[in-house]
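Letters are used for the chains, namely A, B, C and D, taken in the order the chains are written, and counting of residues starts over at 1 for each.
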Amino acid sequence: MEKKERIGVYVCHCGTNIAGVVNVGEVSTWAAENLKEQGVVIARDYKFMCSSLGQELIQKDIKEHGLTRVVVAACSPHLHEQTFRNACKGAGLNPYLSELVSIREQSSWVHTDKVAATEKSKALIAGGVARVIHHEPLEPLRVPIHPATLVVGGGIAGIQAALEIANAGYPVYLVEREPSIGGHMAQFDKTFPTLDCSACILTPKMVEAGNHPNITLLTYSEVEKVDGYVGNFVVTIRKRARSVNEELCTGCGICWEKCPKKVVDNIFEAGMGTRKAIYVPFPQAVPKYPVIDRENCTYYIKGTCKACEKFCPTNAIDFAQEDQLLNVEVGNIILATGYELFDARRITQYGYGRLANVFTSLEFERLSNAAGPTGGNIVLRDGKTVPKVVGIVHCVGSRDKNYNEYCSAICCMQSLKFAHLVHERTGAEVYNFYIDIRTPAKGYEEFYHRLLEEGTHFIRGKVAEISDAVRLPGEEGKLIIQVEDTLTGNQLRVPVDMVILSAGLEPRRDAKEVANKFGISCSADGWLIERHPKLDPVATVTEGIYIAGCVQGPKDIPASVAQGAAAAARILGKIQQKEIALEPVRASINQDQCSGCRICNNLCPFNAILFHEDRMVSEVNPALCQGCGTCVAACPAGAISGTGFSNEQILSQIEGLLLLNIPKKETVA
Amino acid sequence: MTDTPETQTFEPVIIGFTCNWCSYRAADMAGTARMKYAPNVRLIRLMCSGRLDPTFVLKAFAGGADAVLVSGCHPGDCHYINQNYKMLRRFHLLKRVLQQMGIEPERIKLLWASAAEGAIFAEEINKFVEQVRPLGPLNWKPGNGAQVEAPVHEEVPA
Amino acid sequence: MSDTISFRQEIANLLYASEGEPLNTCIQCGTCSGTCPVAPYMDYTPRQIIAMINQGMKEQVLESNTFWYCASCYHCTVRCPQDINITDLMYALKRYSIWKGQHKEGLIGPTFSEAFVKMIVRGGRSFEPVLAPSYIFSFGMRELLLEVQGATELLLKGRLPLLPPRIKRLDNFKRMLGRIIPMGGLE
Amino acid sequence: MKKEFAYFPGCSLEKMAVSYHMSAMETTKKLGVHLKELEDWNCCGATTYSYIDELLAYTLSARNLAIAEQTGLDVVAPCSACYKNMYFTAAHLKKDPDLAEHINFALEEDNLHFTGNVGVKHLIEVFAYDIGPEELRSKVVKPLTGVKIAPYYGCQIVRPQKDHEDVELPQFFEDILSAIGATPVNYPLKMRCCGGSLIISSRPAALSMVRNLLQCAVDAQADIVATACPMCQVNLEVYQQQVNQEFGTNFSVPIMYFTQLVGLALGIPQKKLGIGKEFVAATPALLRVEQAGAASDQETKE
């Protein structure tokens, strides 16, 4: 070692989070004494290194002690690496000459043996010190940000996000799988707890999104492929053939009026109503153009019919239309693909699909919707009988290890809303069967109280089964809900005319695929994972990819809207900076050492390595390189080095972790 | 080696390699959830398990590690598309080489862990420590011809 | 903290081999008790028993008829949203109460179980008539007559054995059980 | 198709449920399946054994499993309680090597050893899966056309085993009944408990459970209730009279083993199937159906 680095070591107590298990004083004393050889000139411990006082401490030392390297032993680099880099930068030290060693997530929080945790922390710090010697001053890579944004999913979260960005003056591509935007909210009748008409508050936003000059609406479309990286994504979108020429169509509706083929609508009407083979899912659909459902259209099945074409006044029907593949360039992406309803058939003992008058929550939404199949009349499956007694079952498929362990968050309030609507429109007796009533938001508990005052029965007990097996007088022709009233310890058989299953929310069936496509990950449940559960709920670990709404976990409309807006705000902040700083973790090839064997060429999944035929050497394009380092590890000539993760850095870290070349002095406990 | 009192109390030193995106985050997750596991593993963060140079593993063994843990994203989940497969190929080759050098295959473990699998990460570390403990200290010194500083490499990968 | 282990812990220990989740994960939803076909006959529903164990109400739990009324139909167990093996819990309480010799008076279950086990230890197979005295005395006169009626009819239909069946390698069999539990404990 | 199984009849089938044994042997023979009775088997301990000591309960079943292992065949139990005990003993011993070691220590006394290489099946599973409805249908010579049968699964065939098929509403029993030409009736309580050993220890509870089951079968207009367990059969049949006295009902429902019904369809003489040993005679119901069938045949001819 020619020139010895001057290294400062800072051990954080993190209150008692670290100091409660790791003897931080001993660790810093040890570092000061035993790591002198390595260049440690000062080691301190402090209550909260990340606090402004903690950072100032480091900055003061850099200046006063002429530190050339800084090692902080605190929490995970995923939390505070940037904080300490900024602190160094503030004191005039290149930020990349610091190293954050995690002794919280990797030591104090996961070990109970204080001595072992303290010893391990020392080793981790020794590793960090050995590594930091080989750090090099780096400058972040700066890349321009494309001002356009892709929003995937046209539910309320996606619409909100798209409008926020478009209103700020930047272009948005809004991609929706279904023929219309609107999402689940378009299916609802009322929204809790205010009982606003769902369509009344949603439709204006849909129309605004549909007409907005900055929004390119791509409905009946799906994302096929995502290339590139933050600031510069290239997205391939499949725009499925509508079989309707959007330029000619006026949305007059004659085609679906004349279409002779009725189809049960399992999507928008939740199987409760029908549509035609050429259709718009609902009257307020945006865009107004219909699509032909080719699986059910008589022309596509039998080759004849064409009723729609005959009656179309503008010749807009185009049976030969084909799918289009569009490539769009965007700087950022928001995923707002929403949720799917838990399939209540899976709980056999609740009888859904077997007992006619057991309904799911979504079916009930359509039943109570004035624009729905019964015109808003709450009636049994026969289409006419008004129920006299209705049972609403909470937690269907939620809070149950046999199905989904999580709480679906919206079902309590949704059930209360149903109870209110049933009571108001039919005067029926309503029973709510719940495990716990969860109403943790503004105005929610008050709504619960309103229901109590309305005389709704609340029975605390998870429903055991629903059957039509009559045993007692008064049960004939009824559905019997068997449950323990856990507040009295009595087993009850409650005869009702109608059961509503408040089914939980589940991740989209293709959530995993979508996550892979966009390079982010799903939790074990299948919800997409945010960057930080508390402090960064809309970003993901992949720069430039954001999530909003139920795709991140079950939530209600206000929370979805808030996330959509939050994701948009994050992106607008980035766009306005016009360029983005990227971690300078990149591979580079020493052209003198490269033997031209081309092993690395095929290893790179981003095609970042070019081969120069003329000179017979390979070269890394830093704009495409993502820094994984696979080529570095594979180069037989050792010609490729990885910035930030060089062989010297890692080999030295190994030595440090194994406490090689460190004098074994007696330490004072 | 059998279960003598010595090997029962032997605390192996294990060097662990994680990728930045899944397995390091699994370790973070285990921490945030305060899941307890054995303190024998010392982790090194790489950007991707594909960065794992076999030299690193040899260096760890030569430097006194009793075992090495290699972990990355689940196949199909790699942040860099499929680089963990490339590590996998290398890993099998490496295991063979280690065996030839007299290092028991039980001393090296491959673990796929997603960012959400803190519990699995903790559990697997405990299992690994118990797997290594009965083997006793390794005290491996690279023999003739095995030069640790010069990287060992696979043949041209397809 | 006392040195003696709590009732709650004792029951947890008895369930160590069970595949289910521990009782302290019970969310008191009542699925078990809503499902149980015998719940209306129990002093406390299974859910209440779990709450009582978690509260350490040892005397009241052992004095209850709940676990003796469990028919081992496993319906609660397959439905429990927390994967608690409630049927195994009921078995554990039966064992516990027999070991401690502490159970509600007038129950047939404990006497019957012991008679049944002794019978198998003696012969290796089950022999219905041996069981008769254990419950006939515990029921009323009417049930006694009904039982005899039933038994006579079974006999007439050739469905009741007259001689107790025995397995061939009975000595081995007894020594085998002896390795699990001292014979004196059963004889 | 596997043609041979080790057979663990269980104590009930020796006498109390002898007709189940007879019909099981006859029908399997006719279907080309060989049931080889385990040599010197012992009682499985029923449900009660676990009340006293878990280890003893495991030991009893492990002995039978170890004997079965020696034959190299999967073992079949016709009784649901025996099946459950053997199935879970095998599963537990395979999962817990310490437990297996302990139990094997005891088994040494009888020169036996359990390794875990034995599958456990319920007799009805052999019919439902190893033979299968198609095969069964092809062998039927006297279809039970028009006989309305309530399939009674009871408890321990599908519970508590979770990864089997639907634990709440399986269909394999119905498939067997359809295959022999009968009409399975929709029987909402088909998975509910018959009371099991409560018939001895807690009679009022058990009698009401039996009453509910019989009522459900009668409401569903079943001619016959079919069972696959000797305990269920005894509870539903032997105690029917007591139910009638207790609740003032008037049930007279024959409770038959599914093997007896399959046997009838295969053309096996009633006597060989143990028909005639039941408390509520099956013959009137069968006769009634036969007459009705004949009458309708006549009508169609005319």
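Just so we're on the same page, a residue touches a chain if its C-beta (ideal position, glycine included) is under 8 Å from a C-beta of that chain, and two chains touch if they have at least 3 such contacts.
On a predicted model such as this, the values are computed, not experimentally measured, just so you know.
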Relative to the centroid of every protein C-alpha atom displayed, which chain's own C-alpha centroid is closest? A
Chain pair, A-D or A-B, that carries the greater number of C-beta contacts: A-B
Inter-chain centre distance, chain A versus chain C - centres from mean C-alpha coordinates, in Å: 50
In angstrom, rounded to a whole number, how far apart do the mean CA points of chain A and chain D lie? 50
Mean-CA-position distance for chain B and chain A (Å): 31
What are the residue numbers in chain C that touch two or more other chains? none
Among the residues of chain A, which are close enough to touch at least two other chains? 349
Every pair of chains that touch: which are they? A-B, A-C, A-D, C-D
What part of chain D is in contact with chain C in the complex they form? 11-12, 14-18, 40-43, 45-56, 59-60, 63, 92, 96, 99, 102-103, 105-111, 155-156, 159-160, 162, 167-168, 191-193, 195-198, 200-206, 209, 212, 238-239, 241-242, 245, 277-279
Which of the residues in chain C end up touching chain D in this complex? 17, 37-38, 41, 65, 68-69, 71-75, 77-78, 85, 87, 91, 94-95, 98, 107-109, 112-114, 116-117, 120, 124-128, 131, 135, 139, 143, 146, 149-150, 153-154, 157-161, 165, 167-169, 172-173, 175-181
In the complex of these two chains, what residues of chain A are touching chain B? 76-78, 102, 104-107, 109-113, 116-117, 119-120, 123-124, 127, 516, 519, 521-524, 529, 541-542, 585, 597, 599, 602-603, 605-606, 626-630, 632-634, 636, 638, 642, 645, 647, 650-651, 653-655, 657-658, 660
For the chain A and chain C complex, residues of the former touching the latter: 349, 395, 399-402, 435, 460-465, 482-486, 489, 491-492
Which positions of chain A touch chain D when the two form their complex? 348-349, 354, 467-471
